[in-house]
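The letters A, B, C and D name the chains in turn, as written, and every chain counts its residues from 1.
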Amino acid sequence: MTRAAAALLVAVCLPVVGCSSADTGADEGAEPYRIGAVLSLTGSYAGLGIPEKQAIDLEVARINEAGGINGREIEVIYEDDATDAAKAQAAAVRLIDEEGVLAIIGASGTGHTVAMRSDAERAGVPIVSMAGGSVITDDFSEWVFQTPWPNRIVIPFVLKQMAAAGRTNVALISDTGGYGVDGRDYVLAHAQEAGVTLVADETFNAGDTDMSSQLTKIRAADPDAVLIWAAGKEAAIIARNARQLNMQQPLYGGSGIARQEFIDGAAEAAEGVRLGTGRILVPEAFGEGTEAYAVATDFIARFEAEYGAKPDIFAGHAYDAIGLIADALGRIEGDVTSEALRDALEETDGWVGIDGTFTYSPSDHNGLTEDEMVLYVIEGGTWRLDD
Amino acid sequence: MSLLAVRGLTRRFGGLTAVDAVSFDVHESSIKAVIGPNGAGKSTLFNLITGFDRADEGSVTFDGAALVGKRPDAIVRAGLARTFQNTELFEDLTALDNVRIAADVGHPGGFLRSAVRFRLASGERDGAARAAYLLRLTGIDGFADTLARDLPHGTRRLLEIARALATAPRLMLLDEPAAGLNGAETRTLIDALYRIRDEGVALVVVEHDMGLVMEVAEEIVVLDRGAKIAEGPPLLIQKDRAVIEAYLGEECGDDGC
Amino acid sequence: MDAAEFFQYVIAGLKSGSIYALVALGFTMVYGATGIINFAQGEFFMLGGVLAVWFHGLGLPLPVAGIAAVAATALIGIAFERVALRRQRSASPLVLVIITIGGSMVMKSLARHLFGPDELSLPEFTPGPSVDVAGVAVERQALWVWGLTIVAVLLLAWLYRRTKLGRAMRACSISHDAARLMGIDTARVAMVSFGIAAALGALAGFAVTPLTQTSWDAGAAIGVKGFAAAILGGLGNPVATVIGGLVLGLLESLSVAFVSSTYKDVISLVVLLVVLFVRPQGLFGTAQRGKV
Amino acid sequence: MSSVKRIRLFITPYLGLIAAALAVAAVPLVTPDRYVLKVLVYVGVNVIVIAGLALLFGHAGQISMGHAAFVGIGAYTSAYLVKTLDAPWLVGVLAATVLAAAGGLVLALPALRLRGHYLAMATLGFSEIMYVVFREARAITGGNDGLGGIPYPEVAGLKIDTPVGVYLLVWGVALLTLLLVLNILRSRPGRAMRALQATENGALACGIDTVGLKIRTFALSAALAGLAGALYAHGVGFISPSTFGLDQSVIYMAIVVVGGAGSLAGPTLAAVVLTLLPYADALVPGLSKDTIAVMQDWEADIYGLAMIAVVIFAPAGIGGLLKRIRLRGAGEVRS
C-alpha cells in the first residue's frame, strides 16, 4: 500500500507539472486569434467530425493567406471528444482555461454540445455548434449559437411538402437516438398544423440490422407516404426493406439522409426518395448569379481540389461556423474579447454561408428559416431538385 | 441420546442409488469410522449429511434439530464441521489465515460494523489467538506463516482439520484424512484425532487406512454399493462375513484372485 | 392481422435470427473449446463485411471477395488466439475475457484507420425484387442468408460428427482436462475453434452487408445479440445456439408486431433474464457444472 | 507493547491512504487549473466505483458487466431529486446510494445463483435494459439529450461550486470510501470474500454464508457505484445515457482486471492511470501538436493493446506487481 501511494502521488502530480507550464509560448506582437474546436474525430460520429475538420482547416488557411482578420491570423486548436459527452466537456474547459480561446466551434453532436454549455456560460465563451438538435437553440442560452437547420425548421418544411403533394396519411419511422427522438417530437407537434395525419409511429435502435418488422406494421396501416427520420446506415436499411416488402409509398426524409452513403447503401431503393435539407447538394438551387451560389461553388471547388471529394452537409456546417466567427471578429471595434465576439455574433445580419443566409439576434441563435430548405429527389444515384 | 441420528438416507443419480436407506447414530465425544470399497457411497453420504448434496429420502437429526434442507454453511454453524477428500484450502493464504477465517464463525462482523472499525476489535484478536492454538493442537504450528499452496501434503490434511475445528464444532466428518500420508504423518494425525476427541468433539472418519481405522474407531459402519452392510466395534467388523465378501469382491475383481 | 402479415413478421424474425445464430455459433465454438467468452466475436462479423467490401473494391468478383474475406478473418482469428491468448491458457477465463475485450478494441480501431469512418456498401448477391410466397415478401438476399446459414451449420455438424478434429472439439467442450488426458491437442483445438468462429462471424457479416451496409463500428451491437442468443439457447451446444438465435430474432420481430418497437430489445432481454433465472443452462442446453 | 509501537501498528495499513490524502490535498495548492481538477473529478468518481467493483470481482469473485448502470441509477436519482424536486443535496445523494443498492439487491437475488458467464450475461442484460430506461424515461432523465444544469453540491447551506471545492468533495468521499473498503477487507467479511473466491466449498465448510455474502457484496458495490454516480452528476452538472452504457461497464471491468484481483491498491492505481490515459495528450508536458493528433487518433488502439499487454505480462495486474515489489522490499530489510 505504501508503494501504491507513492505511485498514486506521482500519477496525480504528473499532470499538474505539465499543465502549469502549458500556457506559455505565445508570440509577441500580432498574436493570432485563438479559436477552439471540439469535434468527434473518433467514435461513432467520426463521419461528422472529420469533414468538419477538413472544412475548418481549409477556411482558416484561406483567411490567413488573405492576411487574416484585422491583420491577425486565426489559429484553431482542435480537441477530439471521441463522441463522448464527458470528454467534450473536459475539452471545453481545457480550451477555455489553458488555451484561452475566444470561442469554441462544436461539438459535432447535440448531446456533446449540451454537455459543454454550462462551462462555456460560466466562463463567458461563445459556442458555435455544428449539431442539428433543436434543443441547442430552443433551450436558449445567450452563449450558444448553431449553424445547421434544426428539426424545428426541417420537419415543418418536409411535412408541408408531403401535404402539398397530397400525401396526408403519413407513417413515421425514427431512430431512438438524439436525432430521431428530436425529429419525432417535432413531427408529433407539427403534423396537424401541416395538415398531415400520423397513421403509424415506429422506432428502431442504432445498430439494428433489419427494420422489416416495423415496416410490415407500417404497411398494414396503409399510409400515403413514409417519413424516415434517422441518420446513419439504418436509414438505408429502411429504404431497402421497404422496397423488398413491395411498398409503393414514396419515402421522405431530412438532413439525416442527405449523404452519399445513404445513396450507396440503399442503391436502387434510394431512387425516388425525397428529402428536405439545405441547398448545398445542388448549388444551382441557390440561383445562379446570386452571392450564395458564388460562395457555395467556390467552397465546393476548393474543397474538392484539396480533398478530392465533394463536401457534405457537415463540411458545410463547419464552413459556416468558422465563417460566422471570422465575420464577427472583423466587425468588432475595440478590444477583442469573448464577450465582444458574442455580441458581434448576435449582430450577424445577412451573412451568406453554405447552410443559408444567417441573421442572428439576441433571441435567435440559429438565424435560419424554412426558406433555406429545398426538396430533393434522388434519381440516377444523385440528388435532383424536386419540381 | 445420540448427537447425530441418520435415518433412511437415500440419494439416487439417475438409475444408480448412491446411498441406499442408510441409518446410524453418532454419540458425543466418540470416534466412528465409515468404510467401504471405492464407490460405496461414503463421500456422497458425507455430502448429504453436511448439506452439500440433497437427499431424496430420509432424515438427519443433529442435536435434536433436522438438518435436511439446510444450507452447508448453516449446518457448520450448527456445530457440524467437515473436511474434503480433495482438500479445499484457501491456497493463497497462510495456514494461520486459513484457520482464522473459520474462527470468524459466530463473531459479529457485518459490513457496516467492519467498515467503521478503526482499531483491532477484541473479536479480531481472539480469532487470531484461537487460530494459533488450533495449529498447535493439530501439531502444525511450525507452518503458521506458510502459504497453503506450499504446504506438504500431510500438513494440508491437518490444516483442513484445524480449519474445521476452528468453527467450534461438536461433531466433525473427516473424509479420508490419512490419504497420501506417510507413517510419521499418520502418527501425528492419530494423536491429533485423540486430542480432538478429548476436547469433546465427536468424529466420523471415512478412511481406507485400515490400521488407522482399527486403532481409533470405537465403532465402524460398512457401506457397500450405497447400503449399510454392517455396523459394530472393530473386532466384530473384522470377522463379519458380508464385509469380507465386499472387500474380497473388490480386491479380486473381474481378473480373479 | 391476417396470416400473410403474421408470416411477414416471422420472415423478418428469422432473417435477423439466422444472423444472430451465426454470430452465436462463434461464441459457442470458442466457449466449448476454451471456456472463454470471446468479446471480439462481433468484430469478426464487422471484419467479414468491411474486408469483403475492400476485396470487392480491388476488383475481385463478389463470391471471390466473400471467400477471401471469410478466409482472411479466419486467419485473423487464428492469429489472435496464437498471439494474445495461447500463452495465457492457465489464467482464469475471466482474465482471458479481458484480453478479448482489448482485442476487440484494437480490431475495431484498426478497421477505422484502414477503411475509414463511413458506411461501406456491397451489391446484393442476386439483385432483383423480392420473391412472393403466398403474399409474403421474401428478400432474395434473405434466401442467401438462410442458405449460407444452413450450409454453415451442416458443415459444422459434419465436422463435429465425422472428423477426428470435430470429436476432439466435442471432447474439449465436455471436459477440457479430460480431453487433455485423452491425448487431445487442446491448444490446436482452441486455435481451430477460433478460426472457425471468426469464419462464421465473417460469413454473417459478408452475407448481410448487401442488406445493411457495414462500418468499423458494426460489431458491438451484433456481438451483444449473438452472446444473448448463445446464452438463451444454451452456451456450448451448437444446435441449441442456432435455435437461440432464431428465437431471439422472432422475439424481437413479434415484439414489434404486438407491443412496441421502442421496447423490443427490452422485451427480449427480459425474456432472456427470466430464462436465465429459471433455467441457467439456457432453453435447450443440458445442465452444466458451474465453470467460472 | 509501547505506545509508539502501538501507534505504528495502528497506522501502518493506512500509510498508503494517508499518502494519497496528502497528494490529493496538494493538488489544488500546486495548480488552480480547472481542467486538471475536472479530469481529476472524473478520476475520483471512478476510484469510488472501482473500490466497490474490486470488492465484488477482485475479492468475492463475482463478475458484473452492468456497473455503469448502477452509476447511472445514482446519477439520475440524485439529479432528479435535487434539480426537479428541490430536495436537499444530501438527501439526493443518500437516495441515490440506497436506490442503487436496492437495484443491486433486486438483481443479485436471482442472478447470483448464476455463475461466471451466465452472471456476466444477466448483468449485461440489466445494463442494456437500464440504458433503455434512461433513454425513454424522458420526464425524469431528459432522454438522449441528457440532463443539464444539475445543481452543485450543497451541504448545510454551504454551496460547493468552485472547481477546487468539487474536487476536494469528490476526493474526500473517494478516500473515505477507500478507508471503509480497506477496513472491510481487513476484517471478517473481507476474509470471507477471499475464502469464497479461493474455493466456495471451502468457504461453506468454514460456515460462511456464501449466498448472503455475495448478495450483500453486490448490493454494497452497487451502492458505491450509485454514490459515485450522484457525485458525478452534481460535480459535472450534465449527464446523458451514453455515459452509463455497456462500454463504460466493460471499461470498469477492465480497470479491475488490470489492477489485479485480490488487491485494492492495484485497481485504485489502475483507475487513476486508465482514467487519465485519454487525457494524457493534454496532461503530459512537451508533446508536439502532431504527437497529440496521432495519440488522439490511435487512443483506442493504445488502450486495447495496453489491456492485452498487462494481462499477458502481469496476469496478477498492478496489484500483483505492487505485492512483488513489497515482498522484495521486505526481503531486503530482513537480510
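Quick notes on this structure:
Everything below uses one rule, namely that a contact is a pair of C-beta atoms (placed from the backbone, for glycine too) under 8 Å apart; a residue touches a chain by one contact, two chains touch by 3 or more.
Everything numeric here is computed off the predicted structure, so don't read it as measured data.
Counting only chains that touch, the fewest steps needed to get from subunit A to subunit B is 2. Of all chains shown, the one whose average CA position lies nearest the global CA mean is D. Using the mean of the Cα atoms as each chain's centre, the chain most removed from subunit A is B.
If you average the Cα atoms of subunit B and of subunit C, the two centres end up 48 Å apart.
Mean C-alpha position of subunit C lies 33 Å from that of subunit D.
Note: centroid distance subunit A to subunit C, computed from Cα atoms, is 35 Å. Subunit B and subunit D have centres, each the mean of its CA atoms, that are 41 Å apart.
Along subunit C, residues 220, 262, 265 each make contact with two or more other chains.
None of the residues of subunit B touches two or more other chains. Under the contact definition stated at the top, the residues of subunit D that touch 2 or more other chains are 136, 297, 300.
Screening every pair of chains for touch gives A-C, A-D, B-D, C-D. Every residue of subunit D that touches subunit C in the complex is listed here, in rising order: 57, 61, 63, 110-111, 113-118, 120-122, 124-126, 128-129, 132, 136, 246-247, 250, 253-254, 257-258, 297-298, 300-301, 303-308, 311-312, 315.
Chain contact summary for the complex, subunit B toward subunit D: residues 50, 52, 71-74, 76-77, 81-84, 88-93, 97, 100-102, 104-107, 109-111, 114-119, 121, 123-124, 163-164, 166-167.
Within the complex, the subunit D residues that touch subunit B are 10, 180-181, 183-184, 187-192, 194-195, 198-199, 201-211, 216, 220, 262.
Touching subunit C in their complex are the following residues of subunit A: 42, 44, 46-47, 50, 176, 202-210, 212-214, 216-217, 219-220, 232-233, 236-237, 240, 243-246, 261, 264-265, 267-268.
The touching residues of subunit C, when paired with subunit D in their complex, are 31, 37, 39, 84, 87-88, 91, 93-99, 101-106, 108-110, 113, 220, 224, 227-228, 231, 235, 262-263, 265-266, 269-270, 272-273, 276-277, 280, 290-292.
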